[in-house]
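Let me begin by presenting the structure, written as structure tokens, before commenting on it.
Each chain gets a letter, A, B and C, in the order it is written, and its residues are counted from 1.
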Amino acid sequence: MNVHVTFASRSSRAGMALCAVAFVALIAAPAWGGRDDLQLLSEMYCYVALASLWNLLAGYAGLVSVGQQAYVGLGAYILFAFAILAGMPPLAAIALAGIISAAVAVPVSGLVFRLRGHYFAIGTWIVAEVFRLTASQVSVLGGGSGTSLPAALIIAIAPSRQLRDFIEYWVALALVGAVLLLIVLLLRSRYGLALKAIRDSELAATCNGIDVRRTKILVYIVTAGAAAMIGAFIFLQRLRISPDAAFSVNDWTAFVIFITVIGGIGRIEGPIVGTIVFFALRQTLADLGTFYLLMLGAVAIAVMLAAPKGIWGLVVEKLGWQIFPLERRVIADGSTVAGNAAKT
Amino acid sequence: MEVRAGEAVAVIGANGAGKSTLLKSIAGLLPSRPDAITFAGEPIGGLPAHAVAARGIALVPEGRGLFASLSVEENLLIGGQLNRPGPWNLSSIYDLFPVLGERHAMPSTALSGGQQQMAAIARGLMANPKLLLCDEISLGLAPIVVRDIYTRLPTILSAGISLVLVEQDVVQALKAVQRVYCLQEGRVALAGAAKDLTRETIAAAYFGV
Amino acid sequence: MTDWINVILQGVLVGGLYAMFAAGLSLIFGVMRLVNIAHGDLIVLAAYLALVATQTLGIGPLVSLLIVVPLMAAVGYALQRLILNRTLGEDLLPPLLVTFGLSVIIQNGLLALFTADDRKLQAGAIEVATVRLFEGVYVGLLPLLQFAVAVAVIAALQFVFYRTALGRAFRATADSPEVARLMGLDNRHVFALAMALSLAVVAIAGVFLAIRADFDPSIGPARLIFGFEAVIIGGLGSLWGTFAGGLVLGVAQAIGAHINPGWQILAGHIAFLVILAVRPEGLFAKGRA
């Protein structure tokens, strides 16, 4: 019998086709959307990316961090530092922010990986606080009250405001696309199998010769670098930075966790669905001030208690859909023999 | 399957026959239909474990399950924390198991295996139950220690409680009880008075041959 | 010289407050392995409850403890019974997410009700009274009282935990919830009592925090972190260790602040990270956790 392994299924093929159409439409957004639309979409992309990264950390590698704001803020500060102090073009500084932050994550992982479970979670938060307090001591970047990007640097990106908006929008789209691609590729690599083994049973994974610690550290470092690039972009768009905003635990971790859990943890689609819910709540309750945050917290609690696999988890359970081809399927003579060997 | 007041019953069966599952279901640790289990004429199948305990059923769990961070005496006091009236209290327990009295202040982990089993039984008795369920008292103990523990059973029964013994060690169990149930794949394969059962009938029920 | 004695003394006195933040946290972690992310926000909630009590009833902050402590204990019991018990299990994400959600809800709820303005509880003459220890070294009566209360709280918790039937039930349930149920202990109730006790301590800590310094709805998470640091510095499984951990943190912060006012909190975090790096089981641990 002729047997081979494939990732694709019918729903994933349809899903990928749909994704391709959506992607083209989103690339063309500057043609159909106004300035506000582009900005809203960029912001959503950033949250999709951050939530996807957190999902990779917590949902796949079992690293429940509440300190990702450390890297969001670090990336943002690196961008501001190189732009303001060295006159580096901000878009180039985004890449640099990613590389430097990943390098910083190496020694940090040595420290926080001494902690397990809950202690790991709060340990990462304390590291982020150290970063925040250190940033507020850097007087050339405005200390505790922060600073702004000089206008000349912004104008250097592109001469017209409209073109700048377009470029920034495409950068955001490219960033979220790259993050999603990175995660899909990582999960389909041999590390992906290791991550699934770890998720199912860390002990069994260790016994089967998977270097759990190394895989986890790799994920931690990669997500740190990627989160830093997103952070750098977010604050490039905002043009202003301050330690409290850049290292905010609520903005860059609490809401990101809520988004992931509401959408569905441990699934690629979860963060996308969760982000849509988050922004829908925000846009509809905008008049009530910070009330939407209260609602967001309540919705996250309700989802965790009532449907811990999130909205997309329910969709998969009831309808069996999957958009991203991540499940290994064994095919014999063109027909599926074993479908659900490894659930994504 | 039934146990009458003041009676001692053994439940035997091969590994995985469902003996522990049966005891846990009675004790309320596993869910069952409300009317599947009746105690003193009332359905208790739907009650949670703490409510079953309050009605007078105590389970001495398989593997003893002493509280590691509590002393011997504290373990006994937790057993008696429902304050049900009856013959058992610290001093009557220490009369039955003098070694526990000598070691009452020690951490429960410092006891030997046999002493730990005594402490687990004693902890169950402290609740002054009407029905005591014991899961594999002899597990991992030397025969002489098992015999030592079994010599206390008549005293326990003389206080008027019912006893269910789950055992792998059939010979030992049969000597201590009036009636026997033999489980096989979750069902009663054989039931009868202890003195009527022969080695052959038990073996047949045990292995389903 | 007296300069440094003063600095360390101030640190020790603040450390008592941190020990109170930590004690409630370590109590519930010990009993049910739950890290309550909303712990700091609950401390701030207690401060606002005291604020409302003092303003509406015209009572002093210390008297308001008679209201705030039972109220917070009731909140703790209800919170555990209605929500948190349903999150307990092997997976650490549900309790973490739910308490994170509570944290955001409390912060934004307080913000909506009380705005972001700084508040403070006025304790009257006691706030300015000082005691002379010896030449050149004075301490405020209020910090001294607060320190004494912290010692009393830790001693009381120690007593409850190791000398009472309730403490026995806590320890038994922590060891094995399943076997504890066989002894007639309803673990949902036991856990709720532990949370009630934790929030009673939170209430005391919140009121003293509010007398000492300005507070606003956003300061909770930092209090959680101080409490957490004190627990880890002290080492798991020992209340007096936690107390000592609070003092170490307080002293580290006081020394940092003395060198440069901007370094106060940072110095505490650095001390924590250094201890984590060289002695991860904590300074006063009973055994490896």
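By our rule, contacts are C-beta pairs under 8 Å (C-beta built on N, C-alpha and C of every residue); 3 or more make two chains touch, one makes a residue touch a chain.
If you're wondering where the values come from, they're calculated on a predicted model, not measured in any experiment.
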item	value
Of all other chains, the one whose Cα centre sits farthest from subunit B	A
Chain nearest the overall Cα centroid	C
Subunit A-subunit C separation of Cα centroids, rounded to whole Å	33
Geometric centre distance via CA averages, subunit C-subunit B, whole Å	44
Centroid spacing, where centroids are CA-atom means, of subunit A and subunit B in whole angstrom	54
For the subunit A and subunit C complex, residues of the former touching the latter	58, 64, 66, 111, 114-115, 117-119, 121-123, 125-127, 129-130, 133-134, 136-137, 144, 249-250, 254, 257-258, 261, 265, 289-291, 293-294, 296-298, 300-301, 304-305, 308
Subunit B-facing residues of subunit C, complex	165, 168-169, 171-172, 174-176, 178-187
Residues of subunit B that touch subunit C when the two form their complex	27-29, 48-50, 53-54, 58-59, 61, 65, 67-70, 74-75, 77-79, 81-82, 123, 127
Sites on subunit C touched by subunit A in the complex	29, 33, 35, 37, 83, 86-87, 92-94, 96-98, 100-105, 107-109, 111-112, 221-222, 224-225, 228-229, 232, 262-263, 265-266, 269-270, 272-273, 276-277, 280
